[in-house]
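Shared chain: chain A. Partners: chain B in the first complex, chain C in the second.
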Partner chain A sequence: MATAQVSEAEKVYILHGIRDDLRVDGRGCEDYRHMEVETDVVSNTDGSAKVTLGHTAVLVGVKAEIGKPRPMIPDEGYLEFFVDCSANATPEFEGRGGEELGTELSNTLYKVFNNQHSLDLRSLCISPGEHCWVLYVDVLLLQCDGNLYDAISVAIKAALFNTKIPKVHISSDDEGGKEIELSDDPYDCMRLDVENVPCMVTLCKIGHRHVVDVTLQEKACSVASLVISVTHKGVITCTRKVGRGSLDPESICEMTEAGKRVGKALHSPLMKLLQQEESLGKKRQKVGFLG
Partner chain B sequence: MLKSKTFVKKTRSGGVMKVVREHYLRDDIWCGSEICTECKQDSTVLQRDACIESNLCTFPHYLVPDTNVVLHQIDVLEDPVICNVIILQTVLQEVRHRSAPVYKRLKDIIHEQGRHFYTFTNEHHRETFIEREPGESANDRNDRAIRVAVKWYSQHLKTDESGPDGVRVVLLTNDQGNKQKAEDNGLLVYRCNEYIKSLIANTELVDRLALSNEDKNEIASSKILFPEHLPLSKIQAGIKSGSFIQGTFRASRDNYLEATVFVQGEGEDSNEVLIQGLQNLNRAVHQDVVAVQLLPKNQWVAPSSVVLQDEGAAKDDDVDGDEEEKLVNSMKATGKVVGIIKRSWRPFCGMLNVSQIKESTRHLFTPADRRIPRIRIETRQASTLAGQRIMVAIDGWPKDSRYPNVRPFRMMYPTEKQRLLQHLVSIINDVWFRAILSDMAQRQDLRHLTVCSVDPPGCTDIDDALHCRELENGNLEVGVHIADVSHFIRPGNALDKEAANRGTTVYLCGKRIDMVPELLSSNLCSLRSNVERFAFSCIWEMNHNAEILKTRFTKSVINSKASLTYAEAQMRIDDTNKNDDITKSLRGLNKLAKILKRKRIENGALTLSSLEVRFHIDSETHDPIDLQTKELKETNSMVEEFMLLANISVAQKIYDEFPECALLRKHPAPPPSNYDILMKAAKSKNVTIHVDSAKALADSLDGAKVDGFQYFNTLLRILATRCMMQAVYFCSGMDSDFHHYGLASPIYTHFTSPIRRYADIIVHRLLAVAIGADSTYPDLMDKHKQSALCNNLNYRHKMSQYAQRASVAFHTQLFFKTRGILNEEGFVLFVRKNAIIVLIPKFGLEGTVFFDSKDKASPKLVFDEEIPGVSVPVPEAEPQAKKQKLDR
Partner chain C sequence: SSCNFGFLKQLCVFLCLRLTTDMRFAPFSCPERGSWIQGSQDKDFSLMLQESLQPAVCLHRYPRSQIEVNVMVLENSGSVLAHAVTCASMALADAGIEMYDLVLGCSLRQDGASYVVDPTYPEENSWKSGGGEKRGGLTVAFLPSLNQVSGLQSDGEMAEETLTAGIRTCIEGCYKLYPVVQQALMKAVRQALVDTRVV
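Moving on, here comes the complex of A and B:
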């Protein structure tokens, strides 16, 4: 993962600041950096979103394809995650450098979504046991400036919100052959209910404080961090400890509480923003990648 | 300006794909009108004074048809009266998507300079491009796009200082909703019919108007007559699972409620499925490829023996009712048509049955081919069309209509044919040169031989000549000289292509449709007497027992000494006073031919018979004056024997040389069931016919004689001919069975008539390569191409036979037209339940005689309506007399 070289003096400076709830860039411990969300940025996906958080930039595309349901859960569709750490983000990812991080991130994503609450997978089923929608969620890291988990999860939520799955219906004949028929109207499509899609909140233990949305410099001062995925109701779907150091149970509890609090606060403005953007419809001037 | 178009489509593997296309809008698309000053266009298409004289639009106007108008009324648009039309890109794309043939026709019109059709790319015009809105169907969007474009045009043209009588734009649509919306937008819009009817002095255009949907609904009665056809996907699934069978639909000639579906199986598995009843036939038309579902075995029926012609009355299905007593053992697999895989609707020729009601515009059309059902046609010109042969094309056959609906018919334009002729003349001049310049090195000079030709009277395309002379060693030298057509028709040139396509010369009564141009067929190639001609010769050395000692093929130059008719040749042979070279040669040939024929018959060759009629035709009125059945003289068979011999020799030679790509002719042995009619007929006179082999058949036919009934044998031979399979050309590399059943020869081809058959030309080329007289070319050695060619030749050959028969039948009818009632001897060929098929040998005429005619049911003496003016005495054939076949 991308790291920053920080001298001892700097570390002390950062640590002391955090102890007084004042971070290098002036934020408090539970404040996020400036976040920008734009949806529908890639036209040939079914749903896409671009999120910038500080200098971290993440692009998520969702492609819906028709596949076969998993044998154990025949009446549900499923999601597939792939995280591509491009060398654009940081030179360290060159070659196969980003592979390990990519796998780690996508594994986390699988865990986060591997439950009944986050997304109604039944709505992705077309005909039980035969056809279902498979959502391929492709994450592309454009720039790394810390706190990838949070940025990715927000982008995924936005992209899923933006996803339009074409409506299909099955016409069957007496021979048993089933034919998938596609709606003629491109506007006739299915939307996903993303209300319960969790956001990930990464808390870093720096000194004795738990800090949200760390920059690379701050991260260099931390020993371990905890990733918590929280739904808008505050339900935790997954926690995961990242980093070399260890965390004592007491601080884990504190971190989870803080994570819940921050997570819940993150959801409602995000949803509001997405709906607002949606309501603008086609008239919205797109910013895209050059804006 | 960039827009992106997004649409979703299904992939072949069943997935769904989102496709995004970039769509660029421009502001440099011009309107194409002469009056426009704004657009910076180089040339204009639409005229300033765009005048189509119409009651509705008295001002100059441009027409904008919508998609459905183009699709359905392309016939109208093709009329030269309609010009100054704006074809929108939206319309063009939709037409292209919906119907390739209409698209092609539309493109042709657009390219015609004088028509002033302009394509406006409205989809790329900045001001006329629209995006599809939520909840709007693709059609609605296109309609809107058309309206927007029309609106743009009318505003664009109005801004010019043209005043009130400037050019206006008229939208043509048949869609009520679209029309309403367009009117709301303030556009000038008419229904297509409305507009066409308003055109002054163009009444015939009205007929070309195809039925619009609304009109169709009007016609359709509420009753649904036919079951729905299954969609193709279901049919395919059904065929795969074996519940349906795919086959070619063949309507019965005798009974319009009956048909068979010929199912192509592997090898012996080919079989037929019987279909009976209007419902089961389910709108299939002759030669369609259909899917058939077999009925359960207890519903299987035997082929009906009733002759039924569609009289248009609603007595459809009562036939099935009284069919109960049919024999159980003759049950055939019976099925019903569930879907049509491929329609083979082509233009049909026939007559119009003018409706009884005077004002009615709907009439029935009776096709010339009885296997095609009657067709409903709508025209206002019935009175002019009555009594004329017309061509129509089927449009569709809705499930609630008894008859198919027909598309407005068109007459053929003669111009195309003339152009082709001119083209050919230029090529022939080239050919003529080649003939003069070609060197003689390859050819053997046989001008000194006493060659003569024997042909029917009046024959101008003489393709064979013969000679026979005694050699010094006592043996005989016999030569068959065939016109060297391949010398003139080089592979791949236009003549060759046209000849390959025509396949054969068609001989009609009093008319010949040549395969090669007349200059070649009647002059350059024809082996006329006393002129030097190029020939391809096959020369045998034989002993006096007609055993071949040596065979030689060579290209040659001959000079025929005489062109004789069969009768003349016969007279020379019979006249003992004559002893010139020609006569001696003929006698030698005749002697050998007799031996050859005897040998051939011993081998089991069949002598079959069919009635051929010759007409004496009045040279001025072209009406037949008299007719006679063809007589066969000894000389006929003499020429035939040598032709057969030449064909067999050549077949052997080219097969030895090119085992993969020799073009041969085979005659498969018929399956035993084919002989049923023959056996039954013979049985009625207590004669047994053995059909185990060709030899047995030939022998038993020879033995089949009944005292006091001389014609019986001929009748049997006529019947035997009908049992036979069709002889076909094939490529030796594609087949393993070469046997010619009728001639009892293991190998056979056609070599002797290259002027009138294309197969012979190919054989000539093969033989020329084999003897090193000519070079080869790739297509000649490609067995797949050869095979495709064979298929065409077989098809053409069959069609020419049909044409020949039809021509004879037609002239027979003409002949009887003026004759009044004649009494003539006739024979009953088959007995059907309510009719008999009668053959009158003197006229070679075969006809169906119904026992109960429409007005009166008279069982004994029947005046037939089918054959005008012929009354047939049928003394003994009573309806129940099923066994009394072949009675006088």
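Moving on, here comes the complex of A and C:
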């Protein structure tokens, strides 16, 4: 992960501030930075979203392709995740530097979605055992200033909301094989229900308190963090302890509870925002460098 | 050190500031043949192993040196990460590396209202079919005498209470495992003393 060089005096300052629920930029311990979400930013994808959280920027593109379903689960489609930590985000990611972080992030994403309810995978099935939709979710880190998990999960939720999968018609051709026809009408498409898609919350243990949405400076003062992925109903789909230190069991219980609270509260404003953006339709102005 | 937990066999070789870990699966270890090239899941296991072991090792005692831990899974019959953590920490202790405490791993599988500790391979993977909430798996790496959790990972879907109850159950499992591991290490030390005397 990208790191910031912080002196001992700065660490003590940050620690004391957090003890009194006051962070360097004035936020409380459970407050997020200013977040901007924009969907449909890349035209060559079936769905895309860009999220800016403070100085962290993440771009997610979703492409739907027809593939063969997994042999164990023939009546469902599936998702493939790939996270690219490019040198654009921070010079530490040059060459193969970002590979380890990319592996960690993509494996965590697989675990987050590894359950029955996050996304209705049965709706991605075209014909059982033969064809299904495979959603390739590609995450690109544009700028790294801490709290990557949260930004990535919000971006994935927004991109999946924005994804438009063309409707298919299966017909049998003369030889008895199946032919798949994609509908030509760009508005004849299937949308995904992202109600149950979880959002990740990272809680860092700094001193005796836990803090949400840390910047790189604050992260340098913490030894361990807990990443929790929470759905809008408060169901936890994935947890992971990150970092070189250890946590005691009571802290973990407190952090899980706080993470669930914060995560649950994140969903409804996000859905409202996405629906509002969608309703603007053609009148929507594209902002940001991709506009 | 080599650990046998039922049908799960692992070989942990400790080769010698930095603690790097590498966890590999032999192609014949799982029911489906794997490949020799390390996949992304193996790399993720290596990372989780490193995060679990790092808090326990007194790295400041070994400046300007690197400790490499290599784990090779010979036969995977479930709970592979938990047992890899235990095996690796026994290997570190056997090598005489200074540690604050042993790291023990324990995992759990939740299925509806019931759970099983130390699930086997079929128990870990059978839940993919069928719906229902409160299905998931949890692995905890624990330092018993310091009462610190050094590694935690879970997947599936669980309510917060189920998760915290599962963590407590895993911690209890680690406490049960502690005396067994201690006795094994003591036996190895005594055996080594006997061997040196004989020679």
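In this text, the second predicted complex is superposed on the first by the 284 of 291 C-alpha atoms of A that agree within 3 Å, B and C clash if a C-alpha of one lies under 4 Å from a C-alpha of the other, contacts with A are read in each partner's own complex, and residues count from 1 in each chain.
FYI, a contact is a pair of C-beta atoms (placed from the backbone, for glycine too) under 8 Å apart; a residue touches a chain by one contact, two chains touch by 3 or more.
Everything quoted here is computed from the prediction, not taken from an experiment.
Room for both chain B and chain C is found when the two structures are superposed via chain A, with no clash between them. Contact comparison for chain A: of chain B and chain C, C touches the greater number of residues.
In the overlay built on the shared chain, the residue A:86 is in contact with neither chain B nor chain C. Applying the stated contact rule after C-alpha superposition, one finds that A:100 touches chain C and leaves chain B untouched. Of the two partner chains, chain B is the only one touched by A:184; chain C is not. By the touch criterion defined above, A:166 reaches chain B but does not reach chain C. Of the two partner chains placed by the overlay, only chain C lies in contact with A:249; chain B stays clear of it.
In the superposition on chain A, A:66 contacts chain B only, with no contact to chain C.
By the touch criterion defined above, A:44 reaches chain B but does not reach chain C. Seen from the Cα centre of chain A, chain B and chain C lie 110° apart once the structures are superposed, a value rounded to the nearest 10. Between chain B and chain C, the smallest C-alpha to C-alpha distance in the superposed model amounts to 27 Å. No residue of chain A contacts both chain B in one complex and chain C in the other. For chain B in complex with chain A, the residues that touch the partner chain are 4, 6-10, 14-16, 18-20, 131-138, 233-234, 237-238, 241.
Listed in rising order, the residues of chain A touching chain B in the complex are 43-46, 63-66, 166, 168, 173, 175, 177, 179-180, 182, 184-187, 282. Here chain A touches chain C in the complex through residues 72-73, 100, 103-104, 106-107, 111-112, 114-117, 224, 226, 231, 234-249, 252-253, 256-257, 260, going by the rule given at the top.
Partner chain A is touched in their complex by these residues of chain C: 40-41, 43-44, 47-48, 51, 54-56, 128-129, 131-133, 135-136, 143, 146-160, 163-164, 167-168, 171.
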